[in-house]
Amino acid sequence: QDGAGPGAGNGTDGTGGDGGDGGGGGTVEMAMPSNVTDRAEDTRQALYDAGLSEDIDVSFLSTSEISGDVQAQYRSWLNAGRETPDVFRMDSGWTIPFIVRDQLVNLSERLSQEAQSMLDEHYFEAPLESARAPAQAVGGSGGDTDTGTGMGGGPRGELYGVPWQVGFPTIQYRSDLVTDAGFDPEGNNWGTEPMTWQRFSEVISETHGNADVEYGFNWQGTDYVGLSCCTFNEFMSTWGGAYFGGRDTLFGPVGERPVTVNEEPVHQALRMVRTLIHGSDDEQALDGYQQISPNAVLEWTEGPSLSPFTNGNAVALRYWPSGIFEAATAFEESDNLSPDDLGTMPIPYAVPEAESEYEGIGGTASALGGWHLTVNPNSQNVDAAVQVIEATMQQSFRTFQFSELGYLTGDRRLFDPENVGDVDPWGPHLETLRVAGENAIPRPVTVVWPDQSSQIASRVNAVIAQQQAPEDAMSALAGSLEEIEQSV
Amino acid sequence: MATSDERGRGRLRSAAVAPANWTERLSEQGFAYVLLLPTLLLVSTMALWPLVSTFEMSLRADALFSAEYVGEFVGFENYVELLTGERNAILGSPFLDFSQPFQSALTVTLIYVAIAVTLETIIGFGQALVLDQSFRGRRWVRVAILIPWAVPIAIQGLIFWLFFQPGIGVGTDVMRYLGIFSENPLINTTDTLIIVIVADVWKTSAFMALLILAGLQSVDRSLYDVAKVAGASKIQQFRYITFPLVLPALLVALLFRTIQSMRVYGIIETTGGCSTLPSLTCLVVSTFRSGRYATSAAVAFITAGIVALVAMVYIVKFADLEVGT
Amino acid sequence: MGEVKLEHVTKRYADVTAVDDMNLDIEDGEFVTLVGPSGCGKSTTLETIAGLTIPSEGTITIAGDDVTTKPPKDRDIAMVFQNIALFPHMDVHDNMSFGLRLRDFDSEEIDRRVERAAEILQIEELVDRMPDELSGGQRQRVAIGRAIVREPAVFLMDEPLANLDAKLRVHMRTELQRLHKELDTTIIYVTHDQAEAMTMSDRIAVMNEGHLQQIAPPLVCYDEPANLFVAGFIGSPGMNFVEGTVEAEEIRTEGFDVAFDPAQVPELVEGDDVTIGVRPEDVYPAGEADELANPTRRIRARTDVLEPMGDQIFVYLVLRGEDAAGADTGTSGAASAQGADELLMSVEPDSDLTDDEDIEVVLDRRKIHVFDTGTGNAVCHDILRSEAMGGGHPGAREET
Amino acid sequence: MGEVKLEHVTKRYADVTAVDDMNLDIEDGEFVTLVGPSGCGKSTTLETIAGLTIPSEGTITIAGDDVTTKPPKDRDIAMVFQNIALFPHMDVHDNMSFGLRLRDFDSEEIDRRVERAAEILQIEELVDRMPDELSGGQRQRVAIGRAIVREPAVFLMDEPLANLDAKLRVHMRTELQRLHKELDTTIIYVTHDQAEAMTMSDRIAVMNEGHLQQIAPPLVCYDEPANLFVAGFIGSPGMNFVEGTVEAEEIRTEGFDVAFDPAQVPELVEGDDVTIGVRPEDVYPAGEADELANPTRRIRARTDVLEPMGDQIFVYLVLRGEDAAGADTGTSGAASAQGADELLMSVEPDSDLTDDEDIEVVLDRRKIHVFDTGTGNAVCHDILRSEAMGGGHPGAREET
Amino acid sequence: MASQTAEEGESDDDGPIADRTQEAIRNPGGAYQFLFYVVTAFFLVTTLFPFYWLLVLALTPGDRMTNVGLLPNGFNPASFVEMFQRLPFHVYMFNSIVIALTTTLIVLLVASFAGYAFGRLQFRGKTALLLVLLAISYFPPAAFIIPLFQFFTGNVEILTLPAVGTISSPNWFNTPGAMVTPFSALFLPLSIFILTTFYSQIPDGLEDAARVEGATRIGALFRVIIPLSAPGVATAGVLTFIGVYNEFFISFLMTDGQAQNWAPIVWGVVNYQGQYQAFYNLMAAASIVGVLPVVILVVIAQERIVSGLTAGALKE
């Protein structure tokens, strides 16, 4: 109810950053997954190296690896008004509801000027967007009367989280097989210039036919959150379609934005996906697209889709950056493959941005994944917490994250090989990842997204499993989504 | 003996004179209430109070935009809207929709319960009868048959999910070869139903077996002697002695198994997922997960109501038994 | 300390009254035996005394305390159950020492007492066995052991020797009597064994259908039964009953007459319907009548069945009054009040009687009992010299 | 159809041999009673016949079939269990009709038989009760009913009347005998009641510690016991035993001598240690000696305790041989082989003996049994005229 | 033949009852016995196969998780070591065991009292109370967790005293109390029903005997009724233990998932799930290890479950 967080008691001037005075000391507990907590000592040291005051004691709380579980925990902790942990690591996929519910500290008011401008200048836009308060969470009359529950603290643009880690899916493929099949990835700039889905299907199909591997193109198509947030979001976006009409309305206002799933781009995307899986026999098949994906994608989540690829049993894989790491490591260890055999390219597209009806949609698109750091408003140490977050934004700490902890951060500069050097195994793929990052598409996170997400996933899965026709399914989906939009 | 008498007597006397255990003086009724006190205390604070407070939540609006769990008081609106199907979009799957029985939670749950509990009872009874025999190595057979019950649902789900996950396990291939499963069992409602039932039967037959075994073990063995001499064959002994005497234990097992499976969730979530096979509890959890606590509370109460209706069947049977003896 | 008093105790179950207005007054140290037909309420009476059943009505007093609603443990009683009720999960030693352990006796004392009891009961080698490894009689002995180690103020024993063989019974009988004397406890004992009841008890309480019929010393019950029921019940085989009517100077029955002196026996009123009772051992072949001071006239009879028992022979006689009845109603052993034409006689084992022989018998007139056929109450027990006796239930009256 | 044959049947438990090399040959339609002290293996023997226990060794044949390992249901037997074991979940009617329902009898026939049995057992009004609403004796009767409705080839009855009162027992005895005759079934019966054993059985099998001691008709067991054990066991109270040695023309004991004619009784070898056995009813006060054809010399004794039983009085005598033993070992009832200085006598109830009276008694020489003290085997049963008898176990031999 | 049978019967470690049953098994001869072994084998195969497959998964190296059939793809017992390196799995196990044991003891005690009351005493409101208890099990755990979480994070005001101020519920987050207490209540109904059933079947005669010997009603409960209901008590205990040992809904809420904060075993297993990739082999290995305590428990408890002590108790 009281806006920017009840933790305000201890010092309003905490933005200074070099905490000599009272506000700076104390312990900051950070909720982190095991890959950080396993290296707690190193991480702490890296924070101090990045200029964090040694007065601030950093401790880590180990959280689950499962995003949904973490969300549920935070939800109950924050609802119960717990004071710890001070810093949350929040999935970009569900940070906004916490912002909307006034359960996070407004960092725009806390971060130093320096830090703010660093974010503006050097960070990918999509992740930042998913950490900002939406202009209007909910549309209609309810919105403006409802000061207590309605919209989050402050106007659009107020920042509540700082990106900690980002993930942009790319296509990872076996460059050796592709080359054997007579293609020239290097020459055609596959790494940075997205190709069309049609071409992609031909390439994979041909390569698959030419190679002795079980699978062609692996991705994740089972009925789960990943389908709606990411995999299908990409298919749809690259066809110029959107759930709620373009980027502007991704985060609301709920109930006032259009539901645009029952439109041609989405139907086309679905048809294409069916073709990729079932081939031209499918009654909805699009001409010119090849059958390249196994039936199994209909049941695959990340894990099952990844292992055939790392085992050298698939031509291509749509996967998060960690897949690059996994595949490179696996290829390294295998007898007949080397990390050089791993190629990456941005997600292919079908409709260029210019031709899309919606702004910012079309062309290549990578679903945004990743995590933010946010601050617990009940924390007794908001200032110190903010200082810790600022320390993480330092170049040295980002480098530590990238090279030591092994994941990408929202700072664009780290996608430049010149800045980071040839870090194995990322080096050859950074350019591709940067392109993906620049074309990242967040999921439409609102308070009703969980409901919508499951509806989307099951409808989409039903269509691509040939159980429903695209038009029927999408019109039904549109109905449900609209109903959910109106339910708040 | 006489010498020690005095000593014994003395003690005995003091034991008798010592302040008698106050519970002994209570009437049967009073004593019963005293014995039930801990239960009532525990249950009312840890179960009844939460239920009351959850019920209170169910009478309020969802509050998606506030740090509060629930919003303003709306009476039975949640219930009405849920039962009339107005909330189906939010639920993920409808409660009851006769046009698509495999997509509506109530029918799915009932089908699942009917099949799973029947199979578990038969298999559990069979296992209990085997375990009731004596043979070399019985101890280990008993452990082997009982440990599936010890497997956490997460792992139970993992086993079956992995087994049927294309690319990882070979289960789908085998089943397809046998012509039982479709290509993608984990997104196919009937296949998933079969998987879930098999997984559930695998795990919870042990529950039935354990309880029935305990029942079997409590039967006075001399009754079998009588029956044998009276000319009862194995089957007749079972029918006239074993079965009626384990019936109370069996009913408890059945009752709780039915209730538990009416609430099935974990094994679904960890295999095919709630959207492939929506159960009643799926609806509770999914609304809960999406922060619609009021709706979730209402769904929970509706679910409980349905469970109560089903459990009624057993309760009536119980009453018969009590009257009978 | 061990007086037990039952006042108007009644116990009703759904469709039966197991005990009906029972009044008993048992003195400290007394040995009282409850006898009566199966289902007459003996066990129920014990259960009310033990506190296992709360009577529907009435009060129970032990050692002056009203214990009607007190729990068993506060009554200082030990009980041997008719159904034995050993704890199946404890071995013999633990079964026997259960009560002592509850009372925190030290283990030496426990062992001593258990050992002693096991010795008395001849089950020393069985103390480590489980109940299901014992024979029926062994189980029963353990049950007795469990009670006697306790040395309480009141013992309740419900057919404690039912499963023991004759030898052991005699032994246990003596041991129980010794124990009774030694501990000076009150013992309330249920048995269906006449010998036990006769030899052990200070008094016998005869019950029927929940009602107390007579409570009196054993020989009084035997010699002066208060009514037809007691007369028929006490003594095995039972008393012979013959119905008749009182005439001026004799009681006339179908098969024979018994003369009496109305001056001596004023209770016999002419014209009354009475039942004559005579025990088998008071029936003699006419040949041995010279032994008797007061035989009746000779009665013509035919031997029907002979039942040799080793130490005696039971002879079933059919009276040949005016016209002898056929022989085929013969072997029905329970001769009680079966009408006039049957009589059971017991003779020495060296008797040379045979089946189907016509003989003459006499009754010992001193041992003839007369009951009022209508009420069943005793009228007199000695047809020669009437003793002073009250009306209906001489035994029971005496006590209440 | 109902011959039962046990050959070398042995049943061992962990630490006991319950039945040891048992041989029994029971004819069709015979009524054999097993008797023996508690724990001697009677129930175990029945269980092996029923098929509830597989003997460790030996074979069991019923009606010519080797059934040793056959299940009970294929043996056409019915059994009354010592522990009763009613089905707790069935009412009396269902308990009794259980075996019939198993055999798909039509319900009319079932009802008819149950009704008939209930009538015999006098439990007509109880047929709708549950077992836990019955008294001990009522339960036992239901258990009997459950067996008799079956009408099988062989009845096994393990102390079926133990909880019944004397009247009912006599009634049941007759009923069982009638049933036996009517159905012509073989009955193997266990009882500890001497009267039952004596009156009902065609033969009695006496067991001790798992061994068969003697199997013979009741009076043979009584009058010509095969050994000391049988002699002491059969008859209640038991036979008096006095140890002595054989001299030229008499057997000399501490308290008295018994003369015999060596020509007539060649089995008595001078110098042998023997035990003289005489039953209480064969001991007479010297005053009644004129009744006897062959009394012994007078024996001086002192009465110790008198136990009036109604129809007789047991008199415990202490012999006053050279020097009479003190009186304090007195009341031990089990006089069996307790040495020379005690004797139990039974006298008529009208006897005027009193406690602590010096009297003289005589024994009936015809009824004196002589046993070899070492082996316990009978030497002769009639000291006047020796009958032809084999060696050790005359009864048992006769059968095997 | 006969003697052999008997001797084998004797040598069986399960005593005379087993002896009887054994005879029964042997008697009808080969066919029955064969059928028995076929059925037993069937049950064994079906129950053990998933475990076998779990073992196959555990032994398959994490990067070779494809098309795992009846044999592991490779042989990597190291996952049994790695599972401990990656997470302090033993601590999770310890937590679960402590929580489950404590809960089981509380439940058995409380349910014994209640079971005695329901099974052996007559009182008014008995049926109604039983139905209320049963009704608790009708609700999915989700129906309890918000109030319970509020309660155990100290957010519920229990009562307000004028002088003292407000007394709040305890803050037991991350302590075993926050799990043991609600588990005790939620697992209570099952145990009460089981114990009620078993206690009510103990013949009155035995309780009578104990009471005449001087036991109070409670004493008779502990010394006679509970031991004689051993199969039922052990079963209730095993079911409760396993239920709590594997419970996730509430323990997920009441701890933050860290081993040192009393997080139970399921937390441990689930924590092997990474963001995008799960360590299936470790989860499998952990599941096998995690089941061991229960195996031990079942081995111990089964001696009680199979007691068959009721023979020879009463003559009736």
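By letter and in written order, the chains are A, B, C, D and E; residue numbering begins at 1 in each of them.
Everything below uses one rule, namely that a residue touches a chain if its C-beta (ideal position, glycine included) is under 8 Å from a C-beta of that chain, and two chains touch if they have at least 3 such contacts.
Only a predicted model underlies this, so the values are computations on that prediction, with no experimental measurement involved.
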Give the fewest steps needed to get from subunit A to subunit D, where each step moves from one chain to a chain it touches. 2
Of the chains shown, whose Cα mean is nearest the mean of all protein Cα atoms? E
CA centre of subunit B versus CA centre of subunit C: separation in Å? 58
Centre-to-centre distance between subunit D and subunit C (centres being mean Cα positions), rounded to whole Å: 23
Distance between subunit B and subunit E based on Cα centroids, please, to the nearest Å. 13
Enumerate the residues of subunit A that touch no fewer than two other chains. 72, 307-308
Could you tell me which residues belong to subunit D and also touch two or more other chains? 13-14, 52, 71, 82-83, 85, 88, 136
Listed in rising order, subunit E residues that touch 2 or more other chains are 16-17, 20, 24, 28, 65-66, 146, 203, 214, 216-217, 270, 280, 307, 310-316
Contact set on subunit B toward subunit A in their complex: 62-69, 71, 87-90, 92, 165-168, 183-187, 273-276, 286, 289-292
Spell out the part of subunit C that touches subunit E in their complex, as residue ranges. 47, 50-52, 71-73, 77-79, 81-89, 98-99, 102-103, 130-134, 136, 139, 146, 150, 156
Taking the touch rule as given, give the residues of subunit B at its contact with subunit D in the complex, in rising order. 220, 222-223, 225-233, 236, 240-241, 244-245, 325
Under the touch definition given earlier, write down the residues of subunit B that touch subunit C in their complex. 1-2, 4-5, 7-9, 11-12, 15-16, 20, 24-25
For the complex, give me every residue of subunit E touching subunit B. 12, 14, 17-22, 24-25, 28, 32, 36, 39-40, 43-44, 46-48, 50-51, 53-54, 57, 65-70, 109-111, 113-114, 116-117, 121-124, 126-127, 129, 131-140, 142-144, 146-148, 151, 181-182, 184-186, 188, 190, 192-194, 197-198, 200-201, 214, 216-218, 229, 231-232, 234-235, 238-239, 242, 245-246, 248, 265-266, 269-270, 280, 283-284, 287, 290-291, 294-295, 298-299, 302, 305-308, 310-313
